[in-house]
Amino acid sequence: MSGLFNPTVAWITVRATLSRKRALLFALPAAILILFTVALKASRAPMRPWPSHVLGTFGFSVLLPLTALIIGTSVLGAEIDDGSIVHLLATPVRRSSVVVTKFLVATGLTMLFAAVPELIAALIAGGGTAPPTAPAGTTGSPGTFAGPVAISGSKLAIGLFVGALACCVIYNAVFLMLSVATTRAIAVGLLYVLVWEVLLANFVSGVRLLSVSHYGLGIANGFASDSALQAGLTVLTSVIMGAIVTAAALALAVNLLSSFTLKGEPA
Amino acid sequence: MTIELRNVSRWYGNVVAVNDITMSIGPGVTGLLGPNGAGKSTIMHMIAGFLPPSRGELTITGPGGTGEAAPSWRNPAVYRRVGLVPERDSVYAFLTGEQFVTATARLHELPDPAAAAARAIATLDMADAADRKIATYSKGMRQRIKVAAALVHDPEILLLDEPFNGMDPRQRLHMMELLDKLGSEGRTIVFSSHILEEVERLSGTIQVVVAGRLAASGDFRAIRRLMTSRPHVFTVRSSDDRLLGGILIGRPAVRAVELTRNGLQVRTSDYGAFCRDIAVLARDHSIRLREVLPADESLESVFAYLVAS
Amino acid sequence: MPEPALSASATGVIHDLGYRGYDGPRQGRAQIVRALTWHSFRSAFGIGRGVKGKIIPALAFIAMCLPALVNAFAVARGNQRLFGYDVYVPNLRAAVVIVFIAAQAPELVSRDLRSRVLPLYFCRPLRRSDYPLAKYLAMTGALLILIEVPLLILYVGTIASAKGGSAIWHETRALIPGLGVGLMYAALFAAIGLVLASLTGRRAYSTGIVAIACILTFFVALLLIQAEGGQSATATGARIAGLFSPFTIIDGVRVWLGGSAQTGFVADPGRYGPLYGVLAVALLAACLGGLAARYRKVSQS
């Protein structure tokens, strides 16, 4: 098979992912993000550092992983679940081709539904710079955005966008691999995002080395050089770890898919 | 092309699904028969490359002796020559029939996918329904579109897992004619079923699998003859067992008579003749029959007999 | 074996040897509901399903208990109790509750929908409203275990190193409201999780729907609170911002009923406190009503 990308597989995947009500499910967070941003901007809320909170906390730590989770697990997971993957696998298409094609489709869709709205919201929020006020009660708020935003809004926006793109790539690789490895991929992914990334990474600094959102933050930081991002990792570490995780996840997915078995009776 | 199984076993933990099966499947139509739970699906999945054998070797040999035998497990290239119709009723419901078969043709890297798809669809008589979404198809139509997709690349081996499930008699007839035609073209067709009568009309060999073991293989008619000529056992209770026993042993259809506390155990080699005889004999000698029970009529006992022999 | 019919004519006879009726005493409706509740409660923890089904509940439970265990060690070393009973570790609790109901509510309701056993359930003397009732009780019970047991561990760990009866009494008095807040959480989130999960038979979709609904509303509410000035703000906006998510609603009720506003999620609702209470009850009623309505009409597919 020439090349790793298979247009037919891609076409089927896009049709399958977008043809169900599920498409609403992952358009929803993006819509809410943009609505929220518009509403906040219009209402001229008293407390200023809201762009970093909205875009960072909500956009980066919630919207992005959630959207990537729904999309990444469904490009392959849905077909495995209802058995239609057999029609795809009973052809000479290389398993690596299947995985990579679906991965690219998932990444593209996630970029469209999460990273782009993030950018749009960031541009809408515009130069939401604030006087460096001490953040209040941040122990109660998840996410890592705690400090004042003292730099230009567009630089932050670009930085966040690039970081978001990187996160799309890495998250989708991990979630795709999860969807081949287990039937409860969404639950496991949720566990990872909510408990591992959001909670533990704030308590234990070593955990950051294995946290995808921190790779993204590190890359975003490399562009925006914003201390408010509180990226725990350097750009170099983020890029290297991100690449390693992506490659490892995809390789594992290919191996698992090559050993795909049909049991006697569907479970 | 031949499919070779050598001492193939498959187990899940403590449960042995397939127990040391050796068989060779060549060109023509072969039916994999057996009761439910016998391991037919397991064997089909192993042949199709979607389940590795726990022990033994399963290989598919190249066409006409160009022969490197290759296993089907973890070997996607084998699907150039193999078409699979899975049992599970799951297809891409959002595609039309024609899109589905054409996409399959593209995945097989055929030079002219649209033409191949049209051919396959016409063979299965689905041309007028091909532009509707598969979600609107009936069960029989879904089955046929799956077969069309399996045939689109002109495979030498066609595997069908319970293809007649959910088909009405007319569709079944058409499918059998199609399989017969494909088989006589020299392809290797393997299908699984648990209903003997379904495969009656199909010429060819059958492999009978019972409880994971190969119970019988060979020509269908020969096996059928074997089955009808096995000795049947009857339990007879009457008003005078000893007298009846003495009369029965003189009949040509009766092989053995045993006098037990529960009545007579009669072994006969001709079921029909015995049934006719016993009523007449009893009436002629004024013996009242209280009970005439065939002792082993179940399918399992038939298969068990085959296994034992 | 069937007895042969000896009649010479072409009539047939069916011998009713198989099914036998039962005329003895039967256990009543309460027993049915109890049996279904117990069975569902066990499925909520993956019991009876094999190892894989137990992983997520086990991880969730362990994650919830960890802070309590850490506290036990800290208190033994002479420190103060680390966490309040009424808020515990708010973020961890919220995260674990979300993961648990997103993963397990589908186990309770979506499985039955997918395998189409509901007609089998309802052609028995099980009333239409009893099925969702049993499921709700089971899920609430499961969440209670998840939420209250860590509080109890916290309590035991603290009083083990307590000095004197008055310290123990003080701890006990602090524990009781905490258990009450936990009960509110369990009751509300069981209802939300079940009604959302009962929308579809595919477990993956249900998990996604529950997760997205809970997480989105939670963060929207949090952000609103932040935007309106944080937890110590007194503007109206800050006070009512907590109405947008179940987590913050309950937290608002907690503060209204006397809890401290600095330790949880929301700002002090002040005179809007009753609004939180009303909304909590209304949300619960709506979810339960929706759940009951869902099963009123059950098709075969």
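Residue numbering begins at 1 within each chain, and the chains themselves are lettered A, B and C in the order written.
The criterion applied here is as follows: a residue touches a chain if its C-beta (ideal position, glycine included) is under 8 Å from a C-beta of that chain, and two chains touch if they have at least 3 such contacts.
Keep in mind that this is a model prediction, so the values were computed, not measured.
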Self-check item: Which of A-B and A-C has more C-beta pairs touching across its chains
Solution: A-C
Exercise. Please name the chain that ends up farthest from subunit C once chain centres are defined by their CA atoms averaged.
Key: B
Quiz prompt | CA centroid of subunit A to CA centroid of subunit B, Å | solution = 49
Quiz item: Using CA atom averages as chain centres, what separation in Å is found between subunit A and subunit C?
Solution: 28
Quiz item: Which of the residues in subunit B come into contact with subunit A in the complex?
Solution: 17, 39, 41-42, 45, 48, 50-52, 74, 76-80, 82-84, 86, 88, 90-92, 94-95, 100, 103-104, 106-109, 146, 149-150
Quiz prompt | Complex interface listing, subunit A residues touching subunit C | solution = 22, 25, 28-29, 32, 36, 40, 45-47, 50, 53-54, 57-58, 62, 66, 69-70, 73-74, 77-78, 81, 135-137, 140-142, 182, 184-188, 190-191, 194-195, 198-199
Quiz item: For the complex, which residues does subunit A have touching subunit B?
Solution: 1, 6, 8-9, 11-12, 15-16, 19-20, 82-84, 86-95, 258-266
Quiz item: Considering the complex alone, what residue numbers of subunit C touch subunit A?
Solution: 52, 56, 59-60, 63, 90-92, 95-96, 98-99, 102-103, 202-205, 207-209, 211-212, 215-216, 219-220, 222-223, 226-233, 235, 237, 262-265
